[in-house]
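The chains carry the letters A, B and C, assigned in the order they are written, with residues numbered from 1 in each.
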C-alpha cells in the first residue's frame, strides 16, 4: 500500500524518470498507430471498394490478424532487424524506432479491417450519389475516408489501446533498456519480476489513467467535429 | 472550337433489364427528345426508377441498348441526377455544392458560383450549416443545387418529393420549372399525378416494366390511349 | 481541405522525423547482460561512474544468460557480461567473442519457507540440503530458462547425484521458464524452495514467508565474465568503446566501484578480476 502511494507521489511530484517513461510510451504507441493509420486507412478503403481475385480470403486473413499475439510480432520483427537478419544493416534493433515498427505491424490489421468495414458500409450509402457524379476511384477513397473521419478516430483509438497495452513486442525488440527503451508496460513487467508489486500496480494505474486521458481527448475532438460538421 | 456533343435524344432500343429470373424492364423502345419535361408515371414497381437509372447510365441494359445523342457509350458528364433520398456529404451545404462543382472533368470554376447555386435553390442563408442537419426539404433542394452545379444538359429526378411536405414539394417543383425554363431537359419519375399534370410536357406511362403509353401531356391526361392509363388516371389499382 | 493536408503532413513528420534524434551515432555501446545482474541494481550504481569518466553511454539489455549470449552471437550487442563460465568459454572458442575477462563473483543462496518442511535450515552443505528436499518431495522452483542461475542449479543437483530431468523427476520439481524475480514470486506463493542469487534476494520485496535457509557453501559462488563481441564476425561492433568498458571493469577503479555497491551495508559482488583461474 505504501509503495502504491509512493508511485502516486512520483506522479504528483513530477519524477523525471517516470515522466520520461510515460513520454516514451506515448511517443512509441501514438507514432505506431499514426503509421498504421497512414497505411491502413487507404488500404482498408481499397479493399472495401475494389473487387479483385482473392479478396474474400484477404478479408478473412485481415480479420484474423486483428488477434496477432504481440510476442509473435515482436519475435518476427526481432529476427528481421537483428544484425544477423535481413535488415540488420539498419542497426535499429533495441531502439524506439524498432518498437514503433513492431507496434505499427501489430496494429495495422485492426486499423485496416475496421476501416474496410466502415468504408464498405458507407459506400452502400454513397454509391448512387458518387457514381452519378462520376467520381473516380481515387476520389471515392478520399471522399469516403473524409466523411468517415469520426468513425476513423474511434478506430485509431482502438489501435492505440492495443498498442499502449502490449508488452511482448516492445520488450523483445526494445530490450527494456533503462532510460532508452523502457515503456510503462515493460517497466511494470520489470518491477513485478523484482517483486515490487505495489509499485508495479501504481505504474499500472498511471498507464490506465493515461489511456483514459487519450480517449477523453479524442472524444472531445469527435464531439467538437460532429457539432461543426454534422 | 466545336459545340460539345449532346446527350439528346436519349433512345432506348428494345432495352430490357433483368435481375436473375425477374424482368424489371421489358423491351423498352422510347426516345426522350429535347424540350419540355418528360414525366414518368406508373404504379409502384412498374420500373420507373430502373428506367431513370438506365437513362442516367448508372446501370446497363441486360439486352437491347441505350443511345445518348446516337452514341452507345460516353462519360455521362452532361447528365446529373437527384435521388428520392439524397445523401449529404458530411460537411457544410456550401461545401457540398463546391464538391459537386469540382467533380466535373472541366473545372472552369467561376468565383461566386457556389453562392449563385445556393441562391437559386433558396439556401443562401444556410450555406454554412452542416448539410446533414438540414431538413428533408432543404436537403433535397441542396441535392438539386449539387446536380445543377454539374451544368447538366439532362437532369434526372427519381420521385424527389415523395417524402416531402407540400411546402417543400412546391419549392422543389419551382426549382425544376425554373431549370426547365433555362433549357435543361428534365426527366422525372413521380407517383403524384397532380405533380405530373403541373410539370409534364410529355408523359411516359409504364406498367409492369412495359412501356404502355408515351404521349404529350394534354392528350395523356384528357384522353389516354390505353385502358390501363385510363384506369390509372381514375385512381384504380392497375395490376 | 487545408486541415486534411496538415493532418497528413503532421502524421508523417511524427512517425519518421522525431525518432531520428534517438538513433544518433553518439558514444554508446550495447551490453547484453542477465536479468539477475540488472535486478541487483549494480548497473544503476557503476554505469553513471563509468559515464562520468568516459562520456560513454552503456545501454544494458537484460535477458537470460542463454539469450544474452545469443544476442552477442547475432551481433546485436557490443559486449556480453554474464555468469556462466563454460558457456562463455564456448562463446570465445567458437569465435564470437574476443577474450573472456573475469570480473567479479557473487553467491547463490537457497531460499525456503520459514516452516522449512525439508529441515535444511542453517546447513552449510548445499548438496545435503538438496537431497533432503528431494527425499521429502518438498516443492522446489527451478528457473528452467537456461540462465546462469539455472545452469548453476543443475550443476548442484548433479553434484548431489540427483537426476532431476530423469530418474528423480517428480511433481515437487517445478520448472517455470522465467527469471529470478518470477521464480521468487512463485516460491513465495507456493511455499517452495528456490535457488537465488543473493543480490536479487536482497532487492526482492515480495518475500512473504520466505527466508535464506542455506548459504556460505563454496559451491554456491557465482563467477562473472565479460567478453567483447568479435569485430571479425560483426564488423559494426564498437570495439574501441566496448574495450574501454571492459578495461574499466577490470581496472582497480572499476573493481572498487563494484565492491562499493552495497545493500543494507552488505556488498553483493566481490571483485576478482586478478584472481587466477577465475
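Quick note on the criterion: contacts are C-beta pairs under 8 Å (C-beta built on N, C-alpha and C of every residue); 3 or more make two chains touch, one makes a residue touch a chain.
Just so you know, these numbers come straight off a predicted model, no measurement behind them.
When every chain is represented by the mean of its C-alpha atoms, the one lying closest to the mean of all protein C-alpha atoms is A. Chain centres here are means of the Cα atoms, and by that rule the chain farthest away from chain A is B.
One simple way to say how far apart two chains are is to compare their mean CA positions; for chain A and chain C this gives 33 Å. The mean-CA centres of chain B and chain C are about 79 angstrom from one another, to the nearest whole unit. Chain centres here are Cα averages; for chain A and chain B they lie 47 Å apart. In chain C, there is no position where the chain touches two or more neighbouring chains simultaneously.
Annotation for chain A: residues touching 2 or more other chains are 146. Interface residues of chain A facing chain C in the complex, by the touch rule stated above, are 3, 27, 30-31, 34-35, 37-38, 82-85, 88, 91-97, 100, 146, 175-178, 180, 192-197.
Those residues of chain A that touch chain B in the shared complex are 125-126, 128-129, 131-135, 139, 143, 146-147, 149, 228-230. The residues of chain B lying in touch with chain A in their complex are 56, 58, 75-77, 80-81, 83, 86-92, 99-100, 103, 105, 130-133, 146, 150.
Listed in rising order, the residues of chain C touching chain A in the complex are 4, 8, 11-12, 14-15, 18-19, 22-23, 30, 35, 39, 43-44, 59-63, 73-76, 178-182, 184-185, 188, 200, 203-207, 234, 236.
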